[in-house]
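Two complexes come next, and they have one chain in common, chain A, joined by chain B in the first and chain C in the second.
This part shows the complex of A and B:
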């Protein structure tokens, strides 16, 4: 199973990519800890998580084909 | 109201009509920020005939504004943005009342200002203003139109506008707590392509016209993100299940918006701390000394990678790491010598050793090295 992860705004300064595919992940908490292993500075970053274009605030199960987005605050104008 | 030739092209639109024009004429809107977002917002709302528009900005026009703030001319450098914008727009449409507020938004003036208008359009470039607009709008039960940019991305949303079922969301549903100053890079540090705030500001103006006239469905409870590089839009929906702090008068009164105040220790403001800058010629002479510590505060993705720094701690992580720095004179370096001053101030606040900022940063450093060769 694969989950698509999208990165936005200043998060892409850390990841250098706007999206990645992640294999076998039970839920969003597991996914985030995997991402932090890959990108340690992510742990200092503020962002909210959206699952399939809907904001979530609690750990949510993932299935193949899901899309998870990490959205940081934007302030430029 | 008569059909006015000025507005005829929008009045003949099916579903718009004279009624919508009357609503626009009666509307009072406050645009906070007269920069890259504020200029196009103002231009389109003046063109459309919004009756009363307040514009607020404490800044003067500088040369680096001109590539994206197209209301301002080369011969107007140093003039107040709101004054120049107002006089230009009064010529564009004399039927619109433009009120100028030539200062920044503070906790002390936010209520009294926002109260005077139907709603706010956020064209600011900082979190202090965005959280103030959010909280005051929630307490006054007014919607507000959010807009912001970051790198090649921009986003918009309409907050605190009630859905048919009565629920409404605000910015604290997305980010309950205000990010700290320097946690997120600004346009000055990160750069900005002029057309991007143009696109986002124009979208904000469209949302304003929809809210005023009632045509279509405003972007409420949805964050819409635009990526200029991939020409793609991505929307994120927020439903009523999302929780946030309760914003009321007491919450507002107790909230500290200006984080500079939080960083003062023993009544010293971080930005008031004097930092010695070292020019690159002197830095090159001492950079191989054993008893100094060279600290790179750029983010990890920034190029080029350098081999002469003893540590790289990005600005976003510096505050938590200051205690671990060695007791040696510290030379802070970044891309252009701006962040390094701030980093040096933060270090000096907590540590008593000598701290220097390398003037002009790596840009100046590599110019010097190349010049020597």
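This part shows the complex of A and C:
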């Protein structure tokens, strides 16, 4: 099972990549803790989480093929 | 109705003044329109630690923005009596003095066009996953912050 993770804005300064694939993650909370292990400075960042292009506020189950995005505060316009 | 169809709002690089003029001209045939409202965002030479911004580089979660825009457009056409609404946001590098955002609303009477235009600009800045990176003359960069953000 694989989940695609997308990074945007200032988050990419931490990850140095704009996307990665993560294997076997039950839910978004588990995924975030895995990402923080890989990129410790993520824990100090504020970001929104989108699951399949929809913003989520709470822990959500993940299935293979899902896309999770970490999005810092928006600054368009 | 073709004016309500969803399409990408993204425009590669700065939005030329000629495009804005051409888009206004295109509406001459829509004779039920009595009012246009236009907002243009221009890249400002902000000063930070004695250095001036020379450009902003825009990136976005394009698929998510385009999906969100379908819902947002529908809500705007529901709320306001609009004839049409066109939105363009730059992606990539836009230099100081160039246009990075073009919101164009049209209606039979002015109030709908004006209010929809204002609300759309606020919505774009607050709700769409778009990011600006301010670039200085010495090539250093700072991620832009909007007032509404945390």
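The working rule: the second predicted complex is superposed on the first by the 73 of 77 C-alpha atoms of A that agree within 3 Å, B and C clash if a C-alpha of one lies under 4 Å from a C-alpha of the other, contacts with A are read in each partner's own complex, and residues count from 1 in each chain.
Following the convention adopted for this analysis, contacts are C-beta pairs under 8 Å (C-beta built on N, C-alpha and C of every residue); 3 or more make two chains touch, one makes a residue touch a chain.
Everything quoted here is computed from the prediction, not taken from an experiment.
Novice: Would you check which partner chain A:37 touches, where first means chain B only, second means chain C only, and both and neither mean what they say?
Specialist: Touch status of A:37: no partner.
Novice: Contacts for A:24 in the overlay, against chain B (first) and chain C (second): which applies, first, second, both or neither?
Specialist: neither
Novice: On chain A, which partner touches more residues: chain B or chain C?
Specialist: B
Novice: I'd like to know which partner A:57 touches here: chain B for first, chain C for second, both or neither.
Specialist: first
Novice: Tell me the contact category for A:45 with respect to chain B and chain C: first, second, both or neither.
Specialist: The first partner, chain B, only.
Novice: Which partner does A:72 contact after superposing on A: first (chain B), second (chain C), both, neither?
Specialist: In the superposition, A:72 contacts both chain B and chain C.
Novice: If you stack the two complexes on chain A, which partner ends up touching A:16: first (chain B), second (chain C), both, or neither?
Specialist: first
Novice: Considering only the contact definition stated at the top, list the common interface residues of chain A for chain B and chain C.
Specialist: Residues 6, 8-10, 13, 46, 48, 50, 53, 69, 71-77 of chain A touch both chain B and chain C.
Novice: What does chain A use to touch chain C in their complex?
Specialist: So the residues of chain A in touch with chain C come to 6, 8-10, 13, 46, 48, 50, 53, 69, 71-77.
Novice: Write out the stretch or stretches of chain A touching chain B in their complex.
Specialist: Of all residues in chain A, those touching chain B are 6, 8-10, 12-14, 16, 18, 41, 44-46, 48, 50, 53-55, 57, 69, 71-77.
Novice: Provide the residue numbers of chain C that touch chain A in the complex, in ascending order.
Specialist: Where chain C meets chain A, its residues are 41, 58-61, 63-64, 67-68, 89, 100-101, 121, 124-133, 143-146, 149-150.
Novice: In their complex, what parts of chain B are in touch with chain A?
Specialist: 33, 35-38, 122-127, 130, 147-151, 153-155, 173-175, 179, 183-187, 190, 192, 197, 223, 225, 227, 230, 234-239, 242-243, 299-301, 314, 316-317, 320
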